[in-house]
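Input: structures, listed below.
One chain, chain A, links the two complexes that follow: it is found with chain B in the first and with chain C in the second.
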Partner chain A sequence: MVKFLKIIPIAVKTGTVTIKYPYQEPLVTDSFRGAIEIDPNKCVGCGACTRICPPKALTLTTESNTMILRYFVGRCIFCGMCADTCPEKAIKITKEFELATGNIYDLYSDVEHEVKTCSICGKTFTSKKLSNKIASKVPDIPTETMDLCPDCRRKETLKKFIGVPEQ
Partner chain B sequence: MDSGEANMSGASMVSAHSTNIVGDAISKIMEFKDKVFSIEQRGGIVRIKIHRDILPHIVQRLAILKGIYLRTMMASDERGLEGVYRLYYVFGVDKEHTNLVFEVALPQEDPKVPTVVDINRASDWYELEAHDMLGVEFLNRKLYRLVLPEDWPEKVHPLKKEYSVSELLKLYRPKAVEYAKEIGAENIVTIPIGPYHPALHEPEFFELYVRGEKVIDARYMGFMVHRGIEKLGENMKYDQVPFLAERICGICGFVHSTSYCQAVENALDIDVPERALFIRSIILEIERIHSHLLWVGVALHLLGYDTGFMHSWRIRERVMILAELLTGSRKTYGINVVGGVRRDIDNDKIRKAIDVLNYVREEFKKLVEISINVPQVTARLRGTGVLPLGEAIALSLVGPTARGSGLDRDVRRDYPYAAYKYVSFRVPTYSEGDNLARTLVRVDETFESIDMLYQLLDKLPSGSIRNESWSVEPYRLGIGSVEAPRGEVIHVLLTGEYSPYRWRVRAPTYQNLPAIPIMLKGIDLADAPLTIASIDPCFSCTDRAIVVDVDRNTVKSIPIEALSLKGTRAIR
Partner chain C sequence: MSQSTIKESSSKSIDLKKALSRIKRSIWVFHINTGSCNGCDIEILDVLTPYFDVERFGIKLVVSPRHADLALLTGPVTIKTFSKVYRALSAMPRPRFVLAIGSCAVGGNIWFESYSTMGGFPKVLEMFSEMGLEIDGVVYVPGCPARPEAIIYGAATLLGLQKPKTVYRRFKA
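This part shows the complex of A and B:
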């Protein structure tokens, strides 16, 4: 029984280990990865983050003329792969972990982009911002090509080479 | 087999260059040379293609040789490639750091193979699982459902390539749907309350047969929370799978992501920078310390000594914070990727890590003095739940469970990976095979891990932490294994074009659980909980319940927490 009693000096020396959250020092270290934050000014809507996101917490959808990059923190596993992948460095990993809410809509955040419509078929195909970005990086693409969706672009290029097919 | 002759010369070459046991095994196998199609060796793996008829004979021959054990078996649907189902029996030769992989092709129109369960008891679940998931027939044994639930549709074998995950979700109509329709309920939440409710400690169900206070026999029923992770992995990109793998276990997740990455690296011959290997070892050992401290706490709790439990977890908390500092997360660290790791460790972090290790070493020493070494505790542990060495060998047991019975087996030493070859460490083994032996193995290992971490942090080489220039070559086989806190984890992987073609996970509890009924036989009922806990079981679970919406005829899973949230709302 005597051996058990040795816990008393240990307990006295240790004292209280719990802290008065949230009034005392932060609970997390400097390396902690919490929820992400997407800078709508930097984001171009390329969708690279949605393709790497393991739990599919990031999704890219198009509703009428708006492209929506949606972040659902409820699915997020806080791995930060999106931030590693983002070519525009638009995603920041924050230390935010107090994410509980009574309203599920608080768990969604959207970044909206204007979409481009194809000048031939009228389909929406990419965000205006991404298109502009490409145009500025690769200056010799003709503007009319930039306005075409991938399908029409292929057809138009083919036409240039082999002429218009007879109906 | 026409090319038999040419391959045979290759086979004799392998045996000439190999050391004793592997060489012996191969010469025994060559007794059946008409039915051995090819033998090739690469990256610590000897692949031996054999005819299905000789499988039991081969397993019989291997059983006679000492030091060979069944590590895992992967069943794979390769009808799209070669019109066959293929079974990969992975046998480990500890002393020679080699895996013998026996590949048995089963024609798709007749996927039958003789059972080996009467020769190798460890193969029991592997066969049943292959039967459930792929419809492989094992002859001369009783086949029953192990993994799939009883209301799963007949003849739907989910790992067959023709089923996509979304199709499987449509095909599976839990009985609860029918019942809900019968009683005309609109929105039903089925809550399984019973011995294996997932929200209890672990979804385990043991039936104990007792006479008075003595346990006469025990039966285990499991696989309540099979999640089909292997199937999910087949639809994810190579760099996404580590994050899924890490979620196989909530306590030792890093071992799974490491194991997966190693399997891919092994299959594709990817060089991993040395610094990344060290970081993996560092995080793996930190994980072992926190896991063992957790286990010691739980064991003390089961013995009714909650003060010891609190103090064990107090010490563990510092390890958790350290893990977060080094990786960015307390658990599910998320830093493993194929080719290396994503987070580096700088000098400041090394300093802080050493502070924590000093603290943990001192405090844990004191805790052991006042808890495990006191007569009241040792009396409960000594002589209970005995597992003899012979049984440990027969069941191919792994980890502290095996080492507590004197079976000296440790992947870190036997199949070196990460940075373990650069450090010196002892593998604690005890021969008693009782609960005390298994406890002491874990206590000793904790100190060994601390010691190993000092060495790893000291020797951490400079350089890059990730090799990103690798490319995929489909249909290559890789094996990755890691010594998890509870025993070896082994992942077998067949590469595909964009995702793994087949990814087979085997966690240590899968191998160790069949030992529990043996341990339980003849003990006092009061010692049963601790004995079950003594293998440190981990049922790889997440809590899920099923919501049946009869109107819309949909079934979806919701987390159990969401259910309890509803309860809270109802009170409000």
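This part shows the complex of A and C:
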């Protein structure tokens, strides 16, 4: 009985330690990494982030005439490698962690890109933004092969050197 | 992400409210580890300690699924644990809720296409509905591991104390 009473002065000295979290600001340090945010104005749709992402939370898919960069927070491990890799610095790490929701579709966010189609075979191959970016950065780019997909471009270049095969 | 799926999900949230109104007392939770790395389990333990003290909301850990209203599910649900998860969840009385904690339970994490896992709780939920096991409400808590605050936020979302912040967004570049 007497031994038990020893705890009372200790408890009085310490006071209440319980945090009032939902009704109080959470403790978030500077080094904390939360969900990422993609800036749609800066993003060119190169897909560097989708290749580095360990759990493939970022995916690049083509839906008819649009290319979609899809971010699924539910699979994200908050490593921040996408932000390091992004050549346009379009990905920003936020401190957002209150992501709980009852609907799984709320955890997705999409960035739509306009897609370029090959002028010979009609295949979609890259986003318009990325193509324009490359055209503006590389000084003497051959303009006649810019509208071709990689396969057709290879064939056209070969035709230039070898000539059209006789049938 | 068609219109029908969004409509379906909105009708589901109405069902969640109806089911929640049937719970009149404190929510008792049961903890299921389905092949998790123990990161999320440590965070759940943290939530139950006096520092975060989730008993403020009347949430209490129980040892049997028969006493529980809510299952705290962690891990990507491996093939081996699938039958055990089914048995544990079917032992819970209606209305039964699930709090899928961590990115493993929500989306399968780096194991989402592995041969030995089911790849997250949403895929398991589809199989359960085919098998005839009804679950009244699921709240997904992303995070690797989910912070104790995030778990409290998820529990508060389930209890209707807070509205979920995240919504589906689509931008044009």
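One rule holds in what follows: the second predicted complex is superposed on the first by the 154 of 167 C-alpha atoms of A that agree within 3 Å, B and C clash if a C-alpha of one lies under 4 Å from a C-alpha of the other, contacts with A are read in each partner's own complex, and residues count from 1 in each chain.
In the analysis below, a contact is a pair of C-beta atoms (placed from the backbone, for glycine too) under 8 Å apart; a residue touches a chain by one contact, two chains touch by 3 or more.
Everything numeric in this text was worked out from a predicted model, so none of it was measured.
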item: Partner chain in contact with A:Asp84 - chain B first, chain C second, else both or neither; value: first
item: Which superposed partner A:Arg33 touches (first chain B, second chain C, both, neither); value: first
item: Which superposed partner A:Lys3 touches (first chain B, second chain C, both, neither); value: first
item: Touching partner for A:Thr14 - first (chain B), second (chain C), both, neither; value: first
item: Dominant toucher of chain A (residue count), chain B or chain C; value: C
item: Touching partner for A:Pro54 - first (chain B), second (chain C), both, neither; value: both
item: Chain B and chain C footprints on chain A, overlapping residues; value: 17, 54-55, 77-78
item: Of chain A, residues touching chain B in the complex; value: 1, 3-4, 6-7, 10-11, 14, 17, 28-33, 51-52, 54-55, 77-81, 84
item: Contact set on chain B toward chain A in their complex; value: 236-237, 239-240, 243-244, 247, 307-308, 311, 314, 317, 321, 324-329, 332, 334, 342-343, 366-367, 369-370, 373-376
item: Of all residues in chain C, those that touch chain A in their complex; value: 1, 5-6, 9, 12-13, 16, 50-53, 56, 103, 106-110, 112, 120, 122, 137-144, 147, 149-150, 152-154, 156-158, 161-162, 164-173
item: List of chain A residues in touch with chain C within their complex; value: 17-19, 21-22, 26, 35, 38, 40-41, 43-45, 54-57, 72-78, 97-114, 127, 129
